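After this come two complexes, each holding subunit A, first together with subunit B and then together with subunit C.
After this line comes the complex of A and B, so read on.
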């Protein structure tokens, strides 16, 4: 069990920079998720922690000691790969004992046939076997021990890969998109199982995913990465409700946050799509802004004065919710409203729909996409 | 469909070609192997299994089998090991691997007959560059000491190199102790580049994540990772490479024909050369066909072994 710290880590391939100054402090026993679109550097970060790649500058600490020069195997970490990376020629049992044999047996004891003559080997192997048995029980893969990976389903391979990580009882688990090769329902099931496993093992988990739903559901904290930068680090609620960057706001949450263009004049009054918005800015200068509103914070209004309106182009019925897609006259942006099925019943494709939101739900971003501190006044 | 015979017409061309080009010659050879037919004769006599009995009883044919098997047993392991070794080294290079690939593959592309003539010059006992180089080491103390073992006190004349320095270096192609080994050496030189290319292709199909998993699991040395990942993952490639090399070595002919003509004293009398000598030179088609059928049986056995391994063992 150990905490992991990254200090000023950068990575560049030639002149191509893939990680810019990553600082992370992961507490002992924490479930931290690195999330971002593909190519954002999250997997590279994980592999630098694992030691499979070397950072260009910066330091990695595990349990307080610097490990820049330490081999992957000596860092006491275990990794679960997206493709599971099980040894296909070995049975599940052999796959599980491989890391233990490599760690606990001497090179001499691993020699075929001859190794069996070494005095300590029998004792060590029986300890190893009981370790493997224990892990197999926890993961319920005992019936599979004699099969080869090729004979297992995706979910079973996933468990074996987890098992191979668990047998060593490592300081931390590194997981590189472990669920993305599973089908949708199994993925949701495994989310819950992984969270439960994390609670049981009380080990540090570092989890890489491009799926914001996985990040939100499992993590203690989320680190949102984009283009090699660590944009925001915080608990799921905070990242969802209080994004500091427009890219984070757009990436986290499904359906995507609505972003509307707005103008602020010298007096500080904000005009968005021809409507005045009751939001006060500290900095009253003339500037262009973006207003972000989550789909669930938009409410349907029938003919109220200060409300937006658009034409309904598509109704997405999920049973429990309905997403209304509205054309508000912007070329690139449609507005999505999340609403109850009863409220959406009467709306028909092509109808003009009025909607609004309470001003304290508006998130204001400046022209560079950074969040501006703004206070909404009362209800619309 | 039941009443229509049109499907026979669709498969007929393929069947016909296969029969004429592949199966018929084998049947003809098998038939001829039971006769004493010679080209030009108007008739022949049935001799039953006489030809086969000769094959398995006469000393010169025993030498033929032993030459072919020895050649295969030398060339296959060494050319496979060299192919794998060079493929591993080349795939670990960052720069220059294209150049090495081209160099090692060059003998495969070259005409072996032309290369054999070059080798004949190089191996000439008097003027050849091989013996020149060996001789030039005799008066260099360091080299002489190293190869004769005299640096640790062994008697230099007891060693191969010391004795050769004192007397003379071998007549590589004219001495029955060396001829087959020399032909095998040329075979290895010519063939391992092909195995290397096959192994390079095999290596690219090993998933990189497996190596990373091996790193994480504690396979710290390159040897451990080779044992845990590379060797088993190359299973299908091994089977293919070994089978192809065995069949190619059984087929060795051009170097023997160009350099030794089966001699000295039949030490390089390999099967395909025997086929050629009996069937073409001496116009004894019966015995030549019998050798061909035995040869086909060897190749068939090798192929069956390959099929067995491919189906059973090496695919995961």
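After this line comes the complex of A and C, so read on.
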């Protein structure tokens, strides 16, 4: 068990920079998720922590001590790979004991045949076997121990890969998109199991995913990465409610946050799609802005003033909710509203729909996509 | 109409393939047939495939002073006993086994780490080294035979097993084949082994080797067939010592030992030499073809 710290870590391949100044403090026993679109540098970050890749500058600390020069196997970390990476020629049991044999037996004791003559080997092997047995029980993979990975289903391989990480009882678990090769229902099920496992083991988990839903459901904290930058770090609620960057706002949440273009004049009044918005800015300069509103914060309004309107182009019925897709006259941006099925009943494709939101739900971003502190005035 | 066209197409395909098969198989058919027949049947081209197997007299046995009744035998028995009696065929075959197996083992010991480095490790100049490997594939053995021979002669290694083995220990074809196979092994597997604490050396032998068995088998057959059948190189380096001869070379000595028209025993010896390869190939056939198709070489 240990905390992990990254200080000013950068990574560049030649002139191409993949990671820019990553600072991250992961507490002991925390479940931290690195989330971002593919190519954002999250896997590289994980591999740098694992020692499979070396950072160009910066330091990695595990449990307070610097490990920049330490080999992957000496960092006391275990990794679960997206492809599971089980040894295809070994049985499940052999797959599970391999990391322990490599760690606990001396080179002499590992020599085939001759190693069996070493006095300590038997005792060590029985300890290893009981460890493996314990993990197999927790993961319920005992009936599979004699099979080879090729004879297992995706979910079973996933468990074995987890088991191979668990037997070592490592300081931290590193997981590189471990659920993305599973089918949808199994993935949802494994999310719950992983969270439970994390609670049981009380170990540090660092989890990489491109799926914002996984990040939101499982983590203690989320680190949102994009283009090699760590954009925001915080608990799931905070990242969802209070994104500091327009890229974070758009990435987290499904369906995506609605982003509307707006203009602020010298007096600080904001005009969005021809409507005045009752939001006050501290900095009253003329600038172009983006307004972000979550689909669930938009409400249908029957022709009241100061509300937006658009043509209904598509109704997405999920049973519990209905997503209304509206054409608001912008080429690049459609608006999505989440409503109850009853409210959406009357709406027909092609209808003109009026909608609005409470001003305190508006998130205002400047031209560079940074969040601006803004206060909504009253309800509309 | 369409049915007729496809029938014609099938007929054409099959006749071409059958013709090809006949061309390939005919020499083997003759070899086997001659090894069964008596000399007179071979000369007159009678007796079908197996010959009549009538009792014949061994003329040498008679010349050696034995009574004619003691020298009567069936042609098949005569041919095969003569093959083993007239030349140390067993010795030649043991030489062949020793040389081919040694070559293959050393080739694997060299090729696996090379292929691993060329496919999975990042180092400066890797592409240049791989380019050199490809380039070496283009050099025919015969072009470097003379310098090789001179080098071996200078260190006094001609007429030795070493001379038969050493020039073949580094197989660029093996390196190339294994490198192509290793490219398909996921990097995650190697990273997982590193996390587990394996050294690069153990990764090669404990992770890469077991996953590469089909490819190794394919390479093994290429290598063993090539060196078992090789006539050229043993002919160059084995000049005096008959004890070191490999089967093809032995066969040649065999021929000059015999009278010109003793085709029967000679074909019997050839059959015995070819047989191990045919058996190995048939046993490994399925995995062999797996191995070649998997590495994308046909």
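To be clear about the criterion, the second predicted complex is superposed on the first by the 380 of 380 C-alpha atoms of A that agree within 3 Å, B and C clash if a C-alpha of one lies under 4 Å from a C-alpha of the other, contacts with A are read in each partner's own complex, and residues count from 1 in each chain.
By our rule, a contact is a pair of C-beta atoms (placed from the backbone, for glycine too) under 8 Å apart; a residue touches a chain by one contact, two chains touch by 3 or more.
Since this is a predicted model, take the numbers as computed values, not measurements.
Overlaying the two complexes via subunit A brings subunit B and subunit C into a clash.
Shared-chain residue A:313: touches no atom of subunit B or subunit C.
Of the two partner chains placed around the shared chain by superposition, subunit B is the only one that A:150 touches, whereas subunit C remains out of contact.
Contacts of A:254 after superposition: neither subunit B nor subunit C is touched.
Touch criterion met: A:81 reaches subunit B and subunit C at once. When the two complexes are overlaid on their common chain A, residue A:57 makes contact with neither subunit B nor subunit C.
In the superposition on chain A, A:130 contacts neither subunit B nor subunit C.
Shared contact residues of subunit A, touching subunit B in one structure and subunit C in the other: 47, 50, 52, 71-73, 77-79, 81-83, 85-89, 98-99, 102-103, 164.
Only residues 47, 50-52, 71-73, 77-79, 81-83, 85-89, 98-99, 102-103, 148-150, 164 of subunit A touch subunit B when the two sit together in their complex.
The residues of subunit B lying in touch with subunit A in their complex are 207, 209-210, 212-213, 215-220, 224, 228-229, 232-233, 235, 316. Residues 186, 188-189, 191-198, 207, 210-211 of subunit C touch subunit A in their complex. Partner subunit C is touched in their complex by these residues of subunit A: 47, 50, 52, 71-74, 77-79, 81-89, 98-99, 102-103, 164.
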